[in-house]
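Beneath this line is the structure, given in structure tokens, with notes to follow.
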Amino acid sequence: MLLAAGVAGLVVAMGLMIWRAIAGPSPYDRMLAGNSFGTKTVLLIAVIGYLFGRPAFLDIAIAYALINFVTTIALMKFVRYRTLAQPLCSPHDTEAKDG
Amino acid sequence: MNAIALEASFALNVALLLMLVAIAAAIAWTRSLVAAILLMGVYSLASAVWLVVMDAADVAFTEAVVGAGVSTVVLLGATLLVRPGPVRVDWRRAIAPAVLVVGVGALLVLAVSGLASFGDPSSPANAHVGRSYLVETPNDIGIPNVVTAVLASYRGFDTLGETVVIFAAGIGVALMLGFGPRSSLPQPPVQPGEHHVVLRVTARLLIPLIILFAFYVLFHGDLGAGGGFQAGVILAVAPILHALVFGLHATTAAIPAGFVRGVAALGVLVFAGVGVVCMANGGGFLDYDRLFMPRVEAMIPPGLLGDPTHSHNWGQHFGILLVEVGVLLTVSSTMVTIFYGFAGRATHDVGSAR
Amino acid sequence: MNFVVTHFNYLAVIVLMMTGLYVLFATGNLIKRMIGLALFQTSTALLYISLGKVAGGTAAIKIYPDSPEAQALAAQLDPAYVAQFGVSGVVYSNPLPHVLILTAIVVGVATLAVGLSIAVRIREAYGTIEADEIEAVRAREPGE
Amino acid sequence: MTLFEAIYVTPPALTAQAPILVVAGPLIGASAAALSPGARTAWMVSVLTAAFALWMSVAVVTEVAREGVVDYALGGFAPPLGIALRIDALGATLALLIASVGLLGALYSGHALSSEVYPGKHGLFQAGYLLCLAGFLGLVFTGDAFNAFVFLEVSSIGTYALVAVGEARDRRALPAAFNYLIFGTVGATFYVLGVGFLYGATGTLNLVDMSVRLAALGDNFAVQAGLAFIVAGLGVKAAIFPLHGWLPGAYAGAPSLVSVFLAATATKSAIYLIVRFVFDVFPTGGFGQTFLALIVAPLAAAAAIVCSVQAIFEKEVRRILAFSSVAQVGFIMLGISLATTGGLSAGVFYLVAHALMKGALFMGVGALAISVKARTVEEFYGLGREAPWSAAAFAVGAASLAGVPLTMGFLAKWSLIAGALEAGALWVVATLAVGSLLTLVYVGRLLEAMFFRAPLPGATRAHEAPFGVLVPLLVMAGLSVWFGVDSSLPESLSRASATGLIGSAR
Amino acid sequence: MADAIHWIGGGLVFAGTLLTLLGGVGVVRFPDVYTRIHAASLTDTGGATLVLIGLGILSGFTLETLKLAFVWAFVMLTTPAAANALANAAFSAGHKPRIGAFQIMKGESSEGAGPAQRDGGVAP
């Protein structure tokens, strides 16, 4: 019962994230919503695995967490830096540029 | 608890489908390409959850890693290279497609009306061949994951074709976009003092874990959701993340583009080679029961790995594993080739092609 | 009305397919068209998966017949139903559509990659990825 | 069949595995070509692989001639659980055709490619070419509806990229390839949808099993709409009339090797699959044939007229040939939709004839274009005297297209008319007559330009294509004449195909 | 005992999802990027922790517990890092926070100003 209520809560939270992803207004809002949507799907998979009696689905949740991260980084690089190929700055690089 | 699971399954099915419709409508409606790409990723994640509810664990795995992962990255890479303006909408030009789409939709509804109702266990789709796989797999193949058994053994030829399709896509992208980073890649607009040390440290921690997880997915594919394809994509995510954080030049220095292409071809050769070995031992193509020569087969002790009843399935076990390794090699290296192609191409202007 | 309830999944999937096709045909932007194509292909996958769902079924990853897991799953369902449609006491969903769709998803991403790479080259050759502008450039070329 | 029995030297162990080797050989060859270090090695791999595929398909044809239908269960699982290859006379005919064109194309690519594709990409290009070959061969051999989709996509994905490579010569290849990709993918997805509905109604993917269960099922919306989706989806690939939009651009823009190969095989294998579904999978005289007669046949007739007219008004030689292909597909579909033994066998004969003549024509255009970048009809003025051998081969192909006696095209038209008269379909005869007259007009225009016009002032003078290009070209053109004189082989194959299809459905 | 485990575990899961839901409300209602990131990332990690601990209690000590720990580790590693990256990128791209000391100091409002704030120059 509690698990089912939890599932419902997660689905509603996912709906809210979709709203934010559609509404924007800035691309960072959208990315935030996408990333948060991903985290919620991870949790949802974990919970429904238990609810349906197949906890082995947790493997899928791990994959979601990984993919979600990589996608967010790719989007961030796209929006902020307009390149996928150049490295992200390390503190060392920036200091060299400043000096 | 029990009845709740069934009801929750139905409610989730409806809720997620409605969510998918909403996302699809938003994709159609939005004029921002970034939003469309991001929503496509969200769509993939949501449909993957729906797939879990529909008991399609393996498909959910694939859809998540492909739809939300690789597709998004490839779309972003392409969008960077084409530097598009906003998507224009011309309502006059949208009428004919709308009519066409409604026509197709009507035909689809007509077709669907001839299908058995959703979830019917005695529908032709579920009662005939699909059920036979469930009944026969323990004896024929001897692995728990029926989807893997069907994918790699019963319909292994399809999977060979699928591997070749991916290989062909790698060839196509390499023919179009070339192989790796150019010297004249654009410089990002970096503010003074801006840096991403958190990401660099996180990535360094994650990349080995990703590779480890990929091999877990590969070798666990017999027992649970997963297999060569999913593992291949996850394995490819490691160099992609590396390139995103540490730069493409650093990645190609570690994993050269030529090497990656070679591995892609090698994967197809491994898969087809398994088939040829089976043929050479007197079986049909991809008949894993004949993977070992009879002399070798006689040497396998019964009850190896503690499973006395299925020692006759050793050929199947090894065949599936080898085939999955072939799939992994081709898929991961093709995904990396595609990423190299898109991320490594410098933006060109008209006339300066090639 | 009853039809809508029993075939809800199929109808929702049809709406998704129509959306994908509409995006594909109504926009001139080549990248958006590829997104529409991907949407259409993914929705086709959803149709297959809906075909293979068995009410009360579970993923076609075998559970050992007498394990507590199997008993818990069987307890959710009417014993007569399990006896008729189950395989050694567990009702599974149909694995075949899952296998087919795994293949179809792969084909989808392959098409996406090739299509986008061609779109990139079009941008380099024509300076635009809007279908009507490409047409306009082509119309001015000799030999048309 | 005597020709092949004479040269037939295949060890029995290979004969038993020949069906799968036809498909798996090019797949392995493709990865070898992708791995090969230089352009020359890649070409040799390509030629050897195509030759092997041809050898094995000859073995399959002999086997089919002896047994009627050859079945091959993959993975050791009997269908419907496993995937099975099922080769009847029609499949064997098409495999022989595809493998022959594949080998000639591979030989031709030795010289023709270097002027069109950057040498560093030859390995990948040859790999893509072999993948297409494997895809088409797999498509005609498979006995499984979904496996056919996989091979459809193997060939298509390779083709999209290969067409786009033509941008080195003509940048219009790029939008054409993109268009082809969109159309082709929608078509393939429609096919998958149709197969999904058939699967939902029958529960099987194996074509033989499916036909048994469909016969028991009777009328059902899912089945009927499924067939409509399948024919529409494959109709895109086969360029059936309103769905042919991708074809002219793709054929005109692609590298000449790809044009040759596509013109000779791509639409044909899709037509094969349509025939397979309508006559083999669906019950005789049932919905399938009604659908063909009521919807596809009028469209085919429209194609035969409209696209011939379009071909007359085109300026570019390759586009003329491409529109002509759409019109000729119309003729083939007209023959097939008669649904009689005579009509079907005429359709199959026409299909083979068209593949050979279009192969020769596109190869001829490619050969002529090696020395001068001739594209439009005006630029072809006077080439007949400057490059006589290539021009002669082109002329033979054109004559066959127009239906001049002593060529295969004449026999094809003749048997089509005979089949239509036998079935009492006078409107088909009329369409054919009008279409043939229109064909004469554009063929005449091409030949006039090449042989009876002086070169444009200031045009660069062409010279004869290299030997390596000329040999496959002359062989291809020679086949059209050879089979026009001694038509026993294609005649017997198409007759066997038709009786196999109509008979097997009963 | 089994009943207690059921209630405690289920309660933790429910509490976790409630937290996530609250975070979702925050993401929709808060005024600018930074506050939204704040709402999302804190509740995501907190909610994930509660949910996964709850599931761990429900499952007892099996292989699944290990996998739960892995999921937890991944979520804890990636979500804050991604949030940090987003905030970092948004700030360096010129987004100004709408509330808080920064705005009072500079006296600027942010939403919709500056070219970098549009969809990276792609959207209208």
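Think of it as A, B, C, D and E in the order they're written, each chain with its own count starting at 1.
We take it that contacts are C-beta pairs under 8 Å (C-beta built on N, C-alpha and C of every residue); 3 or more make two chains touch, one makes a residue touch a chain.
These numbers were taken from a predicted model, which means no experiment stands behind them.
In summary, the chains found to touch both subunit B and subunit C are A, D. Both subunit A and subunit E are touched by B.
With centres defined by CA atoms alone, the chain at the far end from subunit A is D. Looking at contacts between chains, the pair that accounts for the most C-beta pairs is B-C. Distance between Cα centroids is largest for the pairing of subunit B with D. Averaging Cα coordinates per chain places subunit A and subunit C 22 Å apart. Distance from the subunit C centre to the subunit E centre is 30 Å, each centre being the mean of its Cα atoms. Within subunit D, residues 146, 150, 153, 157, 160-161, 164, 167, 171, 193, 199-200, 205 each touch two or more of the remaining chains.
Shared interface positions of subunit B, i.e. residues touching 2 or more other chains, are given as 5, 32-35, 37, 57, 77, 79, 84, 108, 112-113, 115, 123, 125-126, 129-130, 133, 155, 158, 161-162, 165, 168-169, 172-173, 176, 190, 194, 196, 199, 206, 224-225, 342, 353.
Taken residue by residue, subunit A touches two or more other chains at 1, 3, 7, 14, 17, 24, 27, 30-31, 33, 52-54, 56-57, 59, 62, 66, 68-69, 73, 78-80, 82, whereas all remaining positions touch fewer.
Looking at which chains touch one another, you get A-B, A-C, A-E, B-C, B-D, B-E, C-D.
Residues of subunit A that touch subunit E in their complex: 1-3, 5-7, 9-10, 12-14, 16-17, 19-20, 24-33, 35-36, 39-40, 42-43, 46-47, 50, 55-56, 58-59, 61-62, 65-66, 68-69, 72-73, 76, 78-80, 82. Of all the residues in subunit D, the ones that touch subunit C in their complex are 146, 149-150, 153, 157, 160-161, 164, 167, 171-172, 174-175, 177-178, 181-182, 185-186, 188-189, 192-193, 196, 199-200, 205, 315-316, 375-376. Interface of subunit D with subunit B (complex): residues 17, 20, 24, 27-28, 30-32, 34-35, 72-77, 80-83, 118, 121, 124-125, 127-128, 131, 134, 138, 144, 146-147, 150-151, 153-154, 157-158, 160-162, 164-165, 167-168, 171, 193, 197, 199-205, 213, 220-226, 228-229.
Within the complex formed with subunit C, the subunit A residues making contact are 52-54, 56-57.
Considering their complex, residues 74, 77-78, 81, 84-85, 88, 92, 119-120, 122-124 of subunit E touch subunit B.
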